[in-house]
Structure formats: C-alpha cells, structure tokens
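Let me begin by handing over the structure; questions about it come next.
For reference, chains read A, B and C in written order, and residue numbers begin at 1 within each chain.
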Amino acid sequence: MTFLKNAWYVAAWSTEVEVGKLLSRRLLDEPVVIYRDPDGCARALTDRCPHRFAPLSMGRLVDGVLQCPYHGLRFDGSGDCVHNPHGPVPRAARVRSFPLAERYSAIWIWMGDPDKAAESAIPEFDFLVPEQWYVGTGHMAIDGGYELEIDNILDLSHIEFLHPLFSSDAVSRGEIKCGQEGDTVWSRRYIRDDSPPPFIYQAFNIPQGNLVDRWLDVRWQAPALMALWTGGVAAGRSREDGVNVPSAHLFTPETASRTHYFYAMSFPHALGPAGEVMARENVEVLRQPFVHEDKPIIEAVARSMSGADFWSLKPVLLRGDEAAVRARRILEKRIASERASAEASRQVAGPR
Amino acid sequence: MTFLKNAWYVAAWSTEVEVGKLLSRRLLDEPVVIYRDPDGCARALTDRCPHRFAPLSMGRLVDGVLQCPYHGLRFDGSGDCVHNPHGPVPRAARVRSFPLAERYSAIWIWMGDPDKAAESAIPEFDFLVPEQWYVGTGHMAIDGGYELEIDNILDLSHIEFLHPLFSSDAVSRGEIKCGQEGDTVWSRRYIRDDSPPPFIYQAFNIPQGNLVDRWLDVRWQAPALMALWTGGVAAGRSREDGVNVPSAHLFTPETASRTHYFYAMSFPHALGPAGEVMARENVEVLRQPFVHEDKPIIEAVARSMSGADFWSLKPVLLRGDEAAVRARRILEKRIASERASAEASRQVAGPR
Amino acid sequence: MTFLKNAWYVAAWSTEVEVGKLLSRRLLDEPVVIYRDPDGCARALTDRCPHRFAPLSMGRLVDGVLQCPYHGLRFDGSGDCVHNPHGPVPRAARVRSFPLAERYSAIWIWMGDPDKAAESAIPEFDFLVPEQWYVGTGHMAIDGGYELEIDNILDLSHIEFLHPLFSSDAVSRGEIKCGQEGDTVWSRRYIRDDSPPPFIYQAFNIPQGNLVDRWLDVRWQAPALMALWTGGVAAGRSREDGVNVPSAHLFTPETASRTHYFYAMSFPHALGPAGEVMARENVEVLRQPFVHEDKPIIEAVARSMSGADFWSLKPVLLRGDEAAVRARRILEKRIASERASAEASRQVAGPR
C-alpha cells in the first residue's frame, strides 16, 4: 500500500513549531523542514537544498528566510531561492513548498497536488480549538505502518487485554455498532453495568460501588484521523448526564514502516483553570499505556508481519474488526483512484 | 542452502522451558512459542496470532492455554482457538503446532511434514539422559550460518590455534580418521606422546610430566547434531584406562545467518555428587573459549563470506576438512531430495 | 559510479602500520590486511584466508609471515601459502597481494591490474616528504561516498558558512579561477582586503587590524587526492612575502558509501623544532572543524541523496562548482574507459 497523497496530514502540533526554530520531520517518506516566517505563519519546504542536497533544517533563518548550512543559498517560504552569495540566483534554484493550514491546534500539510489542497477538506476536530478547549497534546513515533494504528484505535476491544487501568472484562460483552457515512467510519461501543477499575470511577466522577454504563465512540476519516469520545454515567441514567471526554488520535506516516502519532485530550474552558491542569495531566497519563502497552504490541505486530501485505497473511476476522476493515477498504479505494488519475494524466501528457 | 525441514532440531534445553513461562525463539526463520501445558508436556506453536499477528509469547497462559496479548483469543496446545472473548470462535482461527519430543535433556522440534515426525529418528545421545548422567548445559547465539558450526566442530585441528588452554602443537601431527556410516559422519583424531597444557593433565587425571595419548572423536548427524568424546591416558597405556568425557554440540538455525548453539557436557552418576559439580563447572569452563575464541572467528568468517555460497568461494581444502565436506554433501543431498519431493507433490496436487 | 581501479590510493599513513602489528582496513569494498615484513617493508594482502575465510588480520605474524588465526596456514608477503601445519601446502592456497609504495609519509596501494602499477603514477606531494617537512597526519572515516569529499574540498566557498573560525563573508566575494591541465584540476580562490577572524591573523603572522589578502589554492588528481595551499599576506603586499601552508586531503573509498579521510598539514624543517610542534598542533586544530562541521554536513548530504546517482538528482550548479564538476567528469571518463578495456579483454579471452 502506497500513501494517500491528496489528503491533509498532521505535520506537527502548533506548539512544536517555535518562532526562529527549524523542525525537520520525515513525512510520507519525504524530508520536510517546518518553520514560522516573520509573520508567524508556518511554512514547509522539502528539507534538501537543490544545490548539494544538504538538509536546510541544519541551516538557520536569516532575515526570515531559510539559509542552507553548506553554501548559504537562501529560500523563502514559497521555496524560491532569494539569495546566492556566490553570484546570480540560478533559475532552477527552488525547493518544493507544501500547502499548510494551521487549525485545531495543529499544522496540517498537503503533500499531493497543491491545486487540490482545500482547507475545507480538513476533518472537523472542534474539541481541538484552543479558544474553547484546553488541549493537552503529545507526539511519539511508532515502528510500524500507520494502518496498524487504524486497527488499534478502531477496535478498542483490545483495552480489556492491554490496558488493565482502563478496562474490565465487561468490554468484550459490550454492544458494538459500526457505521459508515460517506468516507467516514464510526465504531461505537456501549458497555452496560460495568464494574470498572478505580481510575474510571474517578475520571467519570461516579461514586465507587455504583455500576457504570460506559461508551467508547470512535470516528475515523482518511487517512488515519480518529476522534474518540470516551465516557460514562451511573448505570441506568441518561448518557447526557455523564462525562464525555474527547481525544484525538492522528497518524502520519513517517515512512511505510514508521508512524508519527499525534495525540490530544481536551477539556472545555468552562471547567476554568482546573480544566487546563486536567488536559495537561491526563494527556500525560494517556501517554503511559501508549508507550508501555500499545507501542510494544504494535511494533511486535509490525515485526511479525515483516513487510508482508496485510491481506496476503489471510487475517482471521472477528466482530470488532468491521470498522477497521471498512477504513482499510476506503483507503485502498482512494489510493487506487489516485493512482489511476495519475496514470491517466501521464497518458494525456504523452511521453517526455 | 535452504534448511532441512524433515529433521529433529533442538528447540531448547528442557530446563529452559519452565512451567507457566512462555519461551519465544526463532527457529528455521519461523517464530515459535514454547511452553508447558498443565501436564508439564512441552508444546510449540507458531508465535503469531492469526487475527492481528501479535506474538502469542507476549501473552500469558490462562487455564493452561495460551492467550493472545492483544485481543484475548486463546489457543490450546494443538493450535486450535478454544476461546474468543468477542463472539464465536472462527473456524479459520488456528495456529500451526509443531511435533515435539522431550528426550536427552532437550526439547526436540520437527518443523517439516508432521506425518513424518517419528521420535525414533532422534539421534541417540545416551550421555544426555539425566537419569544416568549429570548434564551441564548452555545456550548461546552465533551470528553465522549453522554450516560454519559444522565445519568448526568436525575439524578440531583449530584447537591448536584458537584454544591454547586445550591444545599443543602436537594436535596437527595427530592421526585423523574420517568415516561414514550411512548418513553418520565420524572424525577421529588421535595424538600420541603429547605434552599438553596443565588443564589437560588435570582434566584427564594424569600426573604432570607424563606424555599423554589423547583423542578427539566427533560424530555428526544431520542437520548439525554432534557428539564429541575427548579423552586421554598416560602415553602407551590402553585407551580404556583413560578418561573419556562426552560433550554435545547441537546447532539449530535461528535464521540462515544466525544459529542457536546448544552445548552440554556430561559426567556419570557413578561419580556421585562430585560429578554434578563437575558437570556444572566444566560446562562453564567450556563456555569461555566458545564465547571468546570460537564465536569471534566464526562471526568474522560469516562477515567475510557476506552471504556468498560456500562452494562459490572455491575454498582450499586441507586434510582435516574431509569430515565437514562429507557432512555438507549429505545435507545438500537431503535438502535437494526434500525439495524434489515437495515439487513432485505440488505437481500431483495440480494447480491451485 | 563504481571505483577507479587502476590508480594509487592511500591505504594508511606510514606511522599507522607498526612493526609486528596487523592493520585491517576495507578499501574499495575489499578487506585488506597491511603489515610490515621483517625488513620493515609494508605488505598488503586480501584479508581472508582461502581455506575457511577467516580474516588473516585476526591472526599474527610468525617468523615474519602471516599466520591465519583459525587453522594456522601461513602466507608470505606475496600471498603464497608457505606453511600448512596439517600437511602439504595445496597449490591453490594463496591470497591476493597488492602492489604498495611507501612515499610522502603514506602507504599507497594499487588495487587494479598489478602490471599497470607504476610508482611514477603517484601524484607528487613534496610537502609530505618527512626528510624536509614536519608532517602532522590524521585519519577519520566519513559515512558518505568519496565524491562528496571531492565536492567539499574543491569548493571552499563553504568555509564562509561552515567554518566561522577560518572565514569571513569576504570569501564569497573572492575571485575564483578554475583550471585544468591534463587530468589535474585546479581551483584557485583569491580574496582581497579581507578582515578575517583572529585565528587567521595569528596563523599568517599578520598584525590584527591590517586588511589581509588571502588565497586558497586546491589541486585535485584522480581519484580523490587533493593538495590545498592556504595563505595570506598584509593587503597589497606580494604573495611571496606571505605565509603559505600546504595541507593534503586524500580520500580512499572504504565502500561506495563510506570513505577514509587521510589529512595532513606540513611545516618546513627550516622552522626548526617549532615547526614540529606547529605540525602536530595545527593538524589537531584542523581535525575539529572536520569532525564537527564538515563531517555532519557531508553525512547528512549522503543520507539526503540515499544512494541516488548525483546527476539524476539534477543538482543546481553555482559558480564555485566548476572544479568539482570537472573532477567528476574526469573520473567518470576514466572509470568508463577502464570498464570498456575490461570488457574488451573479456571478449578477446573468449567465453570461460
């Protein structure tokens, strides 16, 4: 499976790109340097000088433009060379720039055809709007393909086995509803009369001893953008009376076999300063099972598959796999369609 | 050279597989998980869940069956899925199980056609029977193909150069007899009137100063199972009056370029408790030259060959190579014959 | 690009090959062992025994010949096996020996057709003759192809950006003259009225505050042998009145993607004992920017190119690139011609 190109990916959390700093990140197997121009506007260029191929991210910003560390060529945010200390600027001296959008606390990048980069195509993540939510964010890299992360988040039946902090054996008895609206996939899990571990009582503000009705609702959009609402209420009461905490699980391929994991957890401004503390602390709590429980399994699965195509391994499918299989099918269809268009364009253009 | 499949390999020493523990080991380039069922009987399964390909060895034993760490499917010792917490057990949910036999202090595995797995085909290693011998065992991994280990053990002329603790320059003057009985190869080395280093006098219980008659007799059986009898007696006396210490050198490919080395040294129960101490201490003494003298050379040879076929490098052959060359020829013939049968079966079965 | 074979490469500095020691070094992707015979004459053999392929460099010198660590075969400096402890010496028992020449403080190796190895083809490096110069030498390995090192030294416009210790922004305003005489390429850079950093005033013995006229003259000869004269004089005075320090930058491929860097800096004996101190200290000063400034960039460039052919990446060319482009073209032509001759010889010889 190659990458979906005409799609928005998270390149970084907004806070990761500081004024005056250069962030180097491999995205969809291409080297990218990200920085802010003098107006604070994020910019992304191919992280390779067209002269002698030094990474521009090893250079520095001079008068708001990016100077190559090796021979001092300077490139502006559009990728044009604007200064050659050794003579006139050669016409071919430019690097690719990528459309960016800063929204939902993140910097989104479009690595396909720039003419197709409409900001309106960024999926909605209202709970990441910093004007209304305290958003705790984190980033880690996983040695496994991003498809394995889709499987992980869209089938949360694994929490019963991987995450004792969050789960009881009621999870596997829960009701699962899988839905699809256009290219959006939903996996909704509802667990009645659970006796969860103490952490859950505390998180959902329910007195210990009560039975709990819990839910885990996940929304997937291509390529690997997932929102998860996890909540609970004293058993039998209306869901609206309960606590419902949104989190984001946004994956960007670093290469075919390594993935950036951007995660976030949000609490509304209505909670006051306590909400800010909760966002910061809870996202750190969340990081622990990601690092110590999910990451080792996903990386072991990647090693176990050793590069083989998923379907060629003839996976046994269970009830909880429906959503992830739908997501994979949508991705495969969109990637195939992208390829077919590219092929058609090449034929129209004729041989070069 | 591919692996010989229809053959018994050592998967582990018996003591390495503890009740309640899971041992993960790559054997013949396949991931295998080994454990004991509630009756203490050793079991081996492919170490990869057929659902999402997590290593089963990262899971745990529940009621004597193996539970996948990721989504909790459970597999019994035959490889059948016996529990799916999320619904009915899918018919396809099974993993491959491998015939095992526990004999001669080791757990033997058969990774070829299970219908051909006759325990009687395990070569005899009487001196590893724990009811009659104190058996000191060890295991290490070598970054080199198992064929290099056959060369190493079947041509012990190297001890003169690699192992000053064990050898004198009389070794190269020794008499060598190479023999073959069916698919069993013998290399017998006899050294008369040696003045060996002090360790040898002590090991063979001969007063220092005496000349020594020594022998090194190696028996090879496919794929890479070697017994070595090393002994000595005061020069001129009958071999039967001397000391004759058996050791085992059993190699199992981890991959084509990495090898498990299972070694053991035995002393008879007749020696009483002192024999147990000798087994434990001597196998540890033996480990030192393996780690510090043989392993570096064999790994350097492997790097030097960098994956090339042995014969394609046109090795110069010396007198001491006859046994190892015979062993390689037998292996090559058996592997070729296995391939031809597999090819014939495929043709009878017709296209799929 | 494959390697130029019929050419002299530096295998080691003379001082690196000590009497009684074995130096193992991969050169042009072949393992080579270098040592001195009892006459002190340097010898180089393929570092792989033809019997069981152990590296001879893991063995030792016995009576002035090289003994294999594994089974004790001994090879003389011509590569012939002169002793087999296990029987007669097999006729095929020989390793390749390489023509060597010790000159200009270095041991030069010829890895192509030995019949073409004329010492007169070693480029002249008079300032490395230890009878007349104090020569400070150093060696390091770079994870990048040797062609990147040619680019680095032949275009010293990079010193303005990489090496603040040596450079000012006057460098890019300097006059550049590129010349070619046969297969020798020159790049001459002249900078008038510079205000260099303090290190340069001190090195060229010019009172601070004066303007300085500086030069950087580089001579390249295949495969990657460069002499650099760097000098300066108070502005307006004759170049002959100034200081002119020669250094050598000699590169030998370890593999296609890793390079040995042999560097040296010389001061004439006429300076007396102070010259010796200067050679030793200045070569150490020189090492710092090599390690901390050039090496990281060159290795990043190599990663950035990830094995692609240089021209296929369509490099933008600047004024300073002319010399390196000429050098690359000469190399490409000589390598192509070498291949064509080899091909022609094979056709004359007929099929084997």
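Going forward, a residue touches a chain if its C-beta (ideal position, glycine included) is under 8 Å from a C-beta of that chain, and two chains touch if they have at least 3 such contacts.
Every value quoted in this text rests on a predicted model; they were computed, and no experiment measured them.
Under the contact definition, chain A and chain B share the contacting chains C. At the interface between chain A and chain C, two copies of one sequence, fewer than half of the residue numbers in use are shared by both copies.
Between the two copies, chain B and chain C, the Cα superposition rotates by 120°, quoted to the nearest 5.
Chain geometry summary: the mean Cα position of chain A and that of chain C are 48 Å apart. Among all residues of chain B, none touch two or more other chains. The touching residues of chain A, when paired with chain C in their complex, are 31, 47-48, 50-55, 58, 67-73, 84-87, 90, 92-93. Those residues of chain C that touch chain A in the shared complex are 151, 155, 157-158, 160-162, 169, 172, 296-297, 300-301, 304-305, 313-320.
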